[in-house]
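Note that chain A is present in both complexes that follow, paired respectively with chain B and with chain C.
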Partner chain A sequence: MTTCLRGGRAFALTAAVFIGLLVPAGGVLAHGPDPAFSGGSFGQDQVLRFRWRSGSEPSPAIKTAIKEAAADVASSRSSRAAMFTYDAAGANPIGYGVGATCGVNGLACFTRDAPKGFTMWLREQGHVFDWGTLKWCQSYTTAPNGCYDAETIALDEFGHVESLDHHVNYSTNSDYEDAVVQTFSSTKPSTGWNRHTFGRCDSATLQLKYDVTSSSAKVSTCLDVATVLTLTASSVSIPTGGTTTLTARLNAVASASYGRLSGNALGGRTVTLQRRATGTSTWATVGTMPSGSLGGTYVVAQRPTADTQYRAVFTTPTNEGINGDTSPTVAVDVVTCTTVASSDVAIAIPCA
Partner chain B sequence: MVESRWLRWIGPGVVAVGAVGFIASATFGAGVRPWIPQGCAGPSPGLTGAARDPGAADLAALPSTAWFRLDPLADEAGDLRGQRLAVGLDGDRTARTLDLPVESFAAGPFGRVVLAGSDDGVASRLEAIDVEGGCSWTIAVAADVIRRATVDLAGTTVYEMRIDRATRGDLGIWSRPIDGRGAARRVLEPIPVDERFGRTWSTEFAWSLDGDRLAVQSCGEAACRTRIILPGGGRAPMLDAPDLGLLVGLDGDRLVTYAACRGLPCPVIVTDLRGGGRRVLADDVRAAVLVRTADGARLIHEQGAGIRARLRAAPLDGRLATDLGPLPDGLRLQASPIEAASATKVPAGWVLLTPDGRLPIEPSATRPILRHIPDGATVPLDEALR
Partner chain C sequence: MTRWSTRADRSDGRAVRAVATPGVAAFVLACLLAACGGAIRPAGASGSAVPPVASPSGPAAGVARSAHPSDAGPPAATLVAEGGDPVVGQLGSFTWGGGGSDSPWLPGRPVVVGAGEPLTVNVADGVDVSAWTARRVSAGTSDGTNGVGLGGGPAPITFAAPGPGSWSIQVVVTYADGLGSGAYYWQVTVR
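What follows is the complex of A and B.
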């Protein structure tokens, strides 16, 4: 049972990098969730209200793009990460052009002071870099090739504010669309130039930092979370014709590397009950266990006619980043009334 | 003296003068004077004297110290229409402004000179503005695009970063005598293409604290490569680690940079250019500047934000950082010219705190203050100038 993230990548990459010891020259790192900044997170589902910076307001087209990027965060965060909304009286200024504190390079920049607030800047249309002139696609009726999509860039910046550092791609960049928070931004019409949702490796880190929205919410496929499945019986010794209730519990393994997902109950998944006659080796599928009333539980009643062993099976799903597990075996014995009456006070009832 | 209240673009071309002039006129405050520098009298050798670093200054020298600030000018659609350069002397808070084209830059101060580069799409012009004298010299007019320039400590040599006008490809670093006697020659080759850094977004110059080494930093979207021109013209090996970002400063063989972050806070790292060893000087740095003190170089940086923001001083040799107290409300550390697009010179051992980390153009703005690094003592800039 592994407790590593997919690719063996430590979650606290950023901290490790900056404590000195750094990415090897060439930046060869395995694919995985976006690295995360040190310095804390915002509250779960915290709403961060932004306003336009006085004297440095974005143009109408860029304002619209920023607001849409804020909506993109809400619709694609797949977690309880902070959300952003425009409020003329908001505490967090977003500026454009004049007075940008972005240094000399980059399209946009931010400061974060979790959990208190943030700032953001976007460069002005027409800013001249060594390579040429910045064009925001939103500034044109028909966006020209080579322009940057302001909504995508603003979404990238909101991701940074949440705590996401740049995704580390394969050397081929084949996984570029796994994240919108990228070191190199794409221009039209390159891959990912107008992505308006967080990628799976962005949301993976958001889930680690902020948790998923419910026990049945899908875990990002950019993660590789080990699970633990247990099975208990309400009674392991029942009279002939009696019933025992089997309860399976599916949880993420408790591990610091899973952040807020550590130990989470995993509900709404497909957990299968299997059985075999005691003394035999072949398992037969009984069926899918219905969800119980508690998150992460699956419950079914059984009326075995002979001594029977049960186990629950959770098969690794293809649509989320959790691993399968099989519970330990639970044996349920079917006994006569005499034996029951003399040995098990829990079933001290007359035989039917 | 009455300044003429009109504008011009410095540079060989005239682009949208009327539009920018309107914007400028509408935003001027009482202490801001649109200005056209006259040609400086006498031969260009006089420029060497003007651009020479006067050496270690004290507070008494502040009134005659030049400053500049560069701001973009955007139209109502948010499109950049030019940049406004404001220059002045610390002892005279009257700002003189020049409107520059979209592709333009400013650097300095070098002695009492601020460099202004402008490009009109046909040619680049490099001018030296003698802020105290109220005049300017034309240093160069080039068919290539001059993206950045700087002047050495002696005020004798100009270094330029050029790109090809058609392809925007890097043409390397060129130097020329500031007095115009002698042709420009290339002193650094174009930086090689390296996909780890992507295309070059900016190339910046920064002199070491002693003023004898020139750092030339070429940045991609986040990460930067740095080359050093040594005294006598030699070169140090290029530092090209893709986890290093924007330059903070250079002290001898120790290069201080941010990590390759897109935002702040961000770690600041010192790299030994001889041995390659490196150390994180501070983890959560906002604005930062490298300064000389009587006890060696110090990274002065902001830590925390809002009412929790404080100034700290970190030695480069691993000794413990010291606290310089909280940042006054409304003021931030004036960072390097690369970050702030604004600069003046303050005496060794002092840092400048300014509104939003940039020298204000309007004299009525929040008062900048000087803070003394050894003891955290604070002096309002305008009181230091009396």
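What follows is the complex of A and C.
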């Protein structure tokens, strides 16, 4: 089995998370991408237009917070997940107030029917629960401790609409800030109370569901995607003084468990070319291979003077969730074309 | 539009007897909720720590359960200590049937147990559990980010009661078959 979750967790967990069945690997829940709903997804980059529910319009401050949360989705989705924008004629109602259908204890709630649309509700300022009275921070000039940030809560709901289920934290919840979509909402000034971007484990699932924005876009560090690096030579037999063009290709491993990332070309990374004389064992670094014209390719020309073996190396980066790989070796032979001139001395002549 | 009338909501803290089979569990729960009326107070609980939950507001109240769990909201969950009456948990955040709701860390339904006593959580209505985690914070604390893990893994949901004190315990359940997840809370006084 391919290991793919950073920290040594099994690849199977990502698969389970992705299909919404958080089957624990080894019997213990572990940190990873947010679980995803098993239902459908919205289209890549689909724009979901929302309006205020008639008769249940949010207060101006809450409207602003919801709109800002929609902007937070766009700026932090790190993927081609759906986006949200206000449109007075939008098909998707967002309500506020006593009509909220969020169960007894809910601050906010949602329904989703991908790819058609969604609904959202936020409880009204001052709503009395059996555990306390709801305070939205946006309702105050100076937000008091114990208030809930409506922008954060709305971002959480938008995450749900995208397909995210609640993040499964470490047993201590020490990774609470890895996700906005959490099993409990925090008040000021607790950890994460005013987070206005998706966490890395939110965006990880969005990437699995909706893909990254380009071949050079970073893969969430909440993932641990295996890669495959190949290397080819335009010619594996060249004359002395000749040139061969080496092309490396870096891709995510093709696997259904990687969702939309499966088999993706990975461009804009640092791929290093190494060489050694045929028959020797020590590799020497030639240098970094420049990006090619095709996404995920890295190309460099070489003019070996003797038989040489090459390989490409992609070292596991620290700033994204993909694993390093080393290509198989490519041998390039330098062929000396020998002809006998009109003398007793054999003269090496480059092949035509 | 989905209106969330959760089974746990409707239980409103009434303790119900844990049963062995899902079908019987559903039947007994329905009987208790529909006919028994009065609360069965958990052993040792004053009943005053968590006031009665108001009736579900709006059209959600009184929505009949349908045959498919997705139509009826997430299931209730009960915590059972050895020799004690089952206590229905307070439902927090959940996802279920194409929707969901987000809540803070809740104080939970009161229950008194002995230190180290095995605690079992049963999810009602025949809903299978694929995974669970349990955490605690000090009672009265609404910030769960400093929680202490009590256990986790696949079903069954069983863990040892923490040491003496008063705790708010959260049990997060991932329902099988991609049905969603739910967070349940109990305010556990450990003797």
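We adopt the following convention: the second predicted complex is superposed on the first by the 310 of 352 C-alpha atoms of A that agree within 3 Å, B and C clash if a C-alpha of one lies under 4 Å from a C-alpha of the other, contacts with A are read in each partner's own complex, and residues count from 1 in each chain.
Operating definition for what follows: a residue touches a chain if its C-beta (ideal position, glycine included) is under 8 Å from a C-beta of that chain, and two chains touch if they have at least 3 such contacts.
Not measured: the values here are computed from a predicted model.
So, on chain A, is it clash or fit between chain B and chain C?
After superposition on chain A, chain B vs chain C: clash.
With both complexes overlaid on chain A, does A:Ser59 touch chain B (first), chain C (second), both or neither?
Only chain B; A:Ser59 stays clear of chain C.
Could you look at A:Asp130 and tell me whether it touches chain B, chain C, both or neither (first, second, both, neither)?
After superposition on chain A, A:Asp130 lies in contact with both partners, chain B and chain C.
For A:Gly39, is the partner it touches chain B (first), chain C (second), both, or none of the two (neither)?
both
Output check: A:Ser186 vs chain B and chain C. Expected answer is one of first, second, both, neither. What do you get?
second
For A:Ser257, is the partner it touches chain B (first), chain C (second), both, or none of the two (neither)?
So A:Ser257 meets neither chain B nor chain C here.
Per the contact definition in the header, classify A:Ser235: touching chain B only (first), chain C only (second), both, or neither.
In the superposition, A:Ser235 contacts neither chain B nor chain C.
Applying the document's definition of touch, where does A:Cys109 land relative to chain B and chain C: first, second, both, or neither?
both
Output check: A:Ser139 vs chain B and chain C. Expected answer is one of first, second, both, neither. What do you get?
First partner only.
Which of the two partners, first being chain B and second being chain C, lies in contact with A:Thr278: first, second, both, or neither?
Neither: A:Thr278 stays clear of chain B and chain C.
Kindly list the residues of chain A that each of chain B and chain C touches, one partner per complex.
Common interface on chain A, chain B vs chain C: 19-20, 22-23, 27, 38-39, 98-99, 101, 103-113, 130-131, 157, 160, 166, 183-185.
Please name which positions on chain A make contact with chain C in the complex.
Checking each residue of chain A against chain C gives 19-24, 27-29, 35, 37-39, 98-99, 101-113, 119, 130-131, 148, 153, 156-157, 160, 165-166, 168-174, 176, 182-187, 190-192.
Under the stated contact criterion, what part of chain C meets chain A in this complex?
1-6, 9, 50-54, 56-60, 73, 90-95, 98-107, 130-133, 135, 142-150, 152-154, 170, 172, 174, 176-178, 180-181, 183
Flag every residue of chain A that touches chain B in the complex, lowest number first.
Answer in residue numbers: 17-20, 22-23, 25-27, 38-39, 58-62, 96-99, 101, 103-113, 116-117, 124-133, 139, 157, 160-161, 166, 183-185.
Which residues of chain B touch chain A in their complex?
Going through chain B, the ones touching chain A are 71-74, 76-81, 102-103, 147, 163, 168, 170, 196, 198-204, 218-224, 241-243, 246, 259-260, 262-265, 267, 269, 278-280, 283-284, 286, 304-306, 338-339, 356-358.
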